[in-house]
Amino acid sequence: MKPAPFEYVVAGSWDEAVAALDGDSRVLAGGQSLVPLMNQRLVRPRRLVDISGIPGLIERRRGALRIGATVRQAALERSTLIAGGWPLLRQAVRHVGHPATRARGTIGGSVVHADPRAELICALIALDARFTLSSGRAVHGPLQLGPGELLTAIEVPRLQPFAKSAFVAYARTSGSFADAAVAVVLEPDRAADAVLGAGRAGEAEAAVRAGASATDAAALAADLVDGDHHRALVAELTRRALVEAGHA
Amino acid sequence: MSGWGDTPPDLDRPGFGTPPASADAPRTTTRISVRVNGTQRHAEVEPRTLLSDFLRHDLGLTGTKVGCETGSCGACTVQLDGEPARACLTFAIQVHEADITTIEGLPHGPLHAAFHEHHALQCGFCTAGMLMTLDAFLKTNPEPTEDEVKHALSGNLCRCTGYAPIVKAVLER
Amino acid sequence: MGVASTLGQPVRRREDARLLAGRGRFLDDIELPDALHMAFVRSPHPHARFELKRPGRLTFTAASVAGRVAPPQIVPPPGLTVEPIPHPVLADGIVRYVGQPLAAVVAESRALAEDLAERVEVEYEPLPAVDDPRAGETMVRWEKSEGDVAGAFARAAHVVRSERVIPRLVAAPMETRGALAAMEGGRLTVWTSSQSAHRPRAQLAQSLRMSEDELRVIVPDVGGGFGSKGTLPVETPLVAFAARELGRPVRWIEDRRENFLAAPQGRGISGVVELAFDAEGRILALRGRVLADLGAYLLPSTPIPPHTTAMLLAGCYDIPAVEVFVTGARTHKVPTGPYRGAGRPEAAYLIETAMDTAARQLGVDPIELRRRNFVRAFPHRTALGWTYDSGDFEACLDRALELVGEPEGHIGVAMCVERSAGLFEHASVTRDGEVRVGSVPAGQGHETVFAQIAADKLGLDVDQITVITGDTDEVADGVGSFASRSTAMGGSAVAAAADDLLAGGPGVARFESEQVFTSGAYVAVVEVDPATGAVRVVKLVAVDDAGRIINPLLAEGQVVGGAVQGLGASLLEAVDGAPATLHDYSLPTAGEIPAFATAFLESPSPHNPLGAKGIGESGTIGAPAAIANAVAAAVGMRLDPPFTAEKVWRALR
Amino acid sequence: MTWEELIAEPRRRDEHGVLVVLEEVDHDTRTAVFRRAGESFTVRADKVTSPSDFKPAPEFALEVKVLTGEIVDEDAERSPAGSGRARVVAAGVAAAGLALLAARRRR
C-alpha cells in the first residue's frame, strides 16, 4: 500500500520543529517505525515534520554520555566511545532491526515510539538514562511527552570503574522483535536489571546486591512479566545476563 | 497528541478498513534534485512518493525491487549517502541533494562474481537488495566471520536459495 | 561437433549476469505509458453480507461485470467428487474470507487508486464464520480402498495410530503476483507473473469469452512462484477486462498485504494414519483420513494437494492393503492451493511421523523399522494406484546416515517420495540453437538447463543456444512449471525436438510421459534449549534420488532452498488469523539456517530420454518430517509444527 | 582549521557533494569521528584535519592530498573480526596512497 497524502515540512532546528507541529502532525525522524505504519495507512498524519536533518551527536563530557535524539542507531553501533564506555548500548542496538534500518532509524525515534519491544529503551533504563526535552524539562524514568514537547537528547551517566554489563534477548528470527530481553549493569555498589517492556526489576537488583545467586535473582526478575513461558524466558535471560556480567 | 508521543497503533490490525481522515492534506508536488549513480536528477515529487517508487517509476531504475513496503524484506535496499537504506521507508522528498547508489550503479566486482560462482541467486528478485546490503557491510568489515555475514544478511529475505550459497559467496569472494 | 557434453556438469547460470546487474525484467519493471492502476476493495470480515453504498466512478463490481467475466472453471483430478463452488470474480452480496475482492477501482497511480478504493463505501453485516474445517461443509471428497484392510487390522500384532496437523502456510515469493494488460493491434496482451503462459491464456479466454487467438500471454522474469503462481489470480481476468473496456493498459501489482490475504495458501490439513504391523514389524495395511481446510471457494488447483497427500500416504513402504478417505471442507478463509510440495510434504509428514511413533510403540529402532518395510523392487505399483518408476530407498538412507556422522544433538530421519512430471510439454529447436519451451521459469534456471540439453544434442556450445519461454506468441504450446516437472518434461521435450531436427524433421516435439517418482532420505540434527524451549536445527542432511541430474549445482540449489522453506514451516510459520505483513508472519532469515550436507543418487527414470525426475520440492518434503522427528526425539513427545519455543517449552514441563 | 571550527559544522556536503556527518565528539580526549560515504574517520584535536581531506571521491578519481592529521581506521581496532586487518594509519603523502589502496581493497 501507499501512504495517504500529507504535507511535508523540514525542520532545521528543534525550535522550528516545535513551531511546525500542530494537532494533526507527526514527527519524522528515521522513519523506520512510522513509515511502515503510514504505508499501511494505519497512521495518516496531515503533516509530517522531518527532523532527521537536525544534527545529533554522540558526545562525552566529563565522563558522561550525551546522545542527540537524531543520532542514527548505526552510529551507536559503530561508536568507539560507546563500545568503550557503555558497551551495553552497543549490544542492545545490534538487536534493533537490521543494518539498513539501523542506518536510518534514530535512538530518539526508538525511545519516543515506545514500542514495548524496543530494545534500546530497555538498555537505557538499565543505564539510568535521563531524557532531555525541547521544553527544557528532563525526565528520569518512563517518558511521557506533553503537547508540543519533543525529545532532544539522552544523557547517560558515567559508569563506575570495573562496571560490567550484558544484554541478552530471545527473538524468533535474527533481527525480529524480541519476545524477551534483559539488560544488566553490575557496578561495585550498584546493580541494574531492566526487563524488556517491563522496566527495572528492583527486587532482583536488591537480591544481587545482597549476594543472591544469578538463578535466584533471575526468578525475581521474572515476576515483572505475565505468562508462564514469558516468565521462563525472562528468568533464563536474566540469569544468563547476570552470569555474562560476572555474577555467579 | 502531536509529535512522537502517540501510542503506536495495534500492529496486529489488518491494514484495511481504515477510515480516511476527515480531510486529507492537499496534494502538492515539490521539486527535488538528487544524485543517483553519479548523475544529477531533477524531478517533481509528491511528499508521499516513496523513494522506491521514485527510483523505479520516475527514474526508470527498476533494478531496485519492492517486496513488502514495511521494511521487512530488504529487496529495496539502496545506498543513501553511502549507508544502506530501505527505499520503501524513505520518502523521495527526503533525499533532496543526497547521493544515492542503486544496483545499476554498483560496479561489477568480486561479490557479483562470487554470487554467480556459488549459485547465490535463483529468481534474482532479492539479489539487488542483498548486494547493496553486502557492499555496504563489506566496506567496513571486509573479512567477516560466517556469523557476522548471517547477522548482516538477516534483514534481507530470500525464498529461493536458502541463504547458504549467499553466505558462502560472501566468505569465498 | 566436438563440443563436450555438459550434462551432469555444474554449469554456471546464464540468467545471472542480467539479474546481478539489476537488469532483470519483472512484471512491475515493464513500463507502459498511459497505464492505469487497479486497486481492490477487500473484505475485512471472514463472512458478511454487504452492500456497496456509493461505488463511485470507474468502479467495477459484481453487478457491472456480471455475464462478462466468468469465474475460472474447476477441473479436478479424475475420481474426485467436487462441489461446483468456483471463486467469484468479485463478491456479490456476500464475502466469505478476509481479503476477498468485492470491487475494483482504476486510477492514474497506485496511490490514487488506493485513495479511491478507500472511498468506496461498503456496509457490512457480519455473519458467523466457520474457522474449523471439521465444522465446514464438504466441497471435495475422494476415497480409495484396496486389499483386505479390515482383515489385516484384525490379525495385526500391533496397531499404531498417529494423528497430526499441519497449519496453513503462505508461499510468500519475494515478488508478489500481478498482471498488466493492454490492447495491442486488436488483440489483448496480458503480462502475468506466473508459472505458465498457456494455462493462463486458456483460463483468460474462458473467463473473458474470447478465443485463445485473440490473447497473448507474456511471462517476464518471475520472482519466485513456489506453486502460488501456478494458479491464475482471480483478479487477473478483471485486469484484462478493464484494459479491454477502457482501451488503456491496466496494471495490478499485488502488494505484500494482498499476497498474505488473498493469494492461495498452502497446507492446512489434518490427518490420521493407522498402521497394522505383524509381529516382525512389517506393515500389513494402512488406513488414512485426510481433512483439508480448503477455504471459501475452489480455485482450479484447490482439490489437487489433498488428493496428492492421500495418494502418497504409503510413502516409500511396501504396504499391500490401504483404505484412504479425503474430505475437503469449506471454511471462511482464503482458498488453498498448491504450495511447494503441494500435498507431498503433508504425506511425508503423516507417514514418517507415524513410522517414528510406530518404532517407539514397537520398541524397534526407527531406522530399522523403515528398512524392514522399504519398497525394494521397481517399478512398484502402490496399493493406492501410482507406480514408482525407479529408486533405491535404502541406499539413500545409508548415504544420509553416513553424511550425518556422529551428530551432537537429537536426530530425526525421514524418507520422502515425490511425484513429479506427468502430462505433456512442448518444445521446438532450430539448427542455429533457438529453443522454445512451454515450461516457464520462476528462478530455477531453465535457460541454463535447457541450453545444456539442446547443446548436448546439437553439438553446440551452451552459449550458442537461445532459450525462449513464457510467451504464447513465441511458443506454440505448453503446460508450465509446477510439480517439479521442468527438467523431466520440458527438458525431455527439448531433447525430443532436437532429435526430431537431427532426424530431418522440423525440430518440434510434444513430449508426453507418465509421472515419475523422486525419492530421498533426510536427517535433521536439532538442539533444544530446555530453559526457553528454543529449537535450533544444527544440521540438515539431504540425499535425493531425482534420477539423472543435468546440473548438480542447480539441483543442490533447489534442495537447499526447499529445505530452508521446510525449516521455516517447521519452526516459525503458521497462518494464524489474517497476517498482513512480514512482521505478523515469520519467514526464516540467514540467521536460522543450519549446516547442510547434500548428495544425489541417480536411479534414472525409464519414462523419459534424460532419465530425469523432479528436484524442486524435495527439500520442502523431507526436511519438515525429519525436523519433526528430531524434535520429538529431543522433547520426548510428539508435537505439530511450528515448533515454537513456547510450544516446546510447554511440552517439556 | 581549529578543533572548534572542526566540530562546529556537524553536517555538510563536501566539494564532491558527498555528505560528511560529525557523529561523535569526545570532549574529554578531544577526538571527533566523522562519517563519509559509508566509512568512519577519526580526527584528534592535536592534529586537526579538514573533513574534505578524509577520503578519495567515491570514483577514486582523486588527486593525492597532503594530510596534516592522522586517520585511524577504527573498525580494525574495535572489531574482533577485523583483527586480521591491517591498522591503516595514514600520515602525509605516502599514507594517503595507502588509504586509497585500503579503500580500493574494501570495494
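We just call them A, B, C and D in the order they show up, numbering each chain from 1.
Following the convention adopted for this analysis, a contact is a pair of C-beta atoms (placed from the backbone, for glycine too) under 8 Å apart; a residue touches a chain by one contact, two chains touch by 3 or more.
This is a predicted model, so every value here is computed, not measured.
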Identifier of the chain whose CA centre is least distant from the whole-structure CA centre: B
Just give me the whole-number Å value for how far the CA centre of chain C lies from that of chain D. 52
Separation of chain B from chain C, taking each centre as the mean of its C-alpha atoms, in whole Å: 29
By the touch definition above, chain C meets two or more other chains at residues 110-111, 115, 118, 255, 257, 580-581, 583, 587-591
Contacts with 2+ other chains: residues of chain A: 1-5, 36, 40-41, 78, 173-175
Residues in chain D with touches to at least two other chains are numbered 35, 40, 75
Which pairs of chains touch one another in this structure? A-B, A-C, A-D, B-C, B-D
Which residues of chain A touch chain D in their complex? 53, 55, 57-63, 71, 75, 78-81, 83
Report the residues of chain B in contact with chain C in the complex, numbered from low to high. 11-12, 14-18, 20, 24, 46, 48-49, 53, 56-57, 60-70, 72-73, 75, 102-104, 106, 108, 112, 115-117, 119, 121-128, 131, 149-151, 153-167
Considering the complex alone, what residue numbers of chain C touch chain A? 110-111, 114-115, 118, 255, 257, 531-534, 572, 580-581, 583, 586-592, 644-646, 649-650
For chain A, which residues count as touching chain B in their complex? 1-8, 21-29, 31-33, 35-37, 39-44, 46-48, 50, 52, 72, 74, 78, 94, 97-101, 103-104, 108-109, 112-115, 144-151, 173-175
Interfacial residue positions of chain A with respect to chain C in the complex: 1-5, 36, 40-41, 170, 172-177, 179, 229, 232-233, 235-237
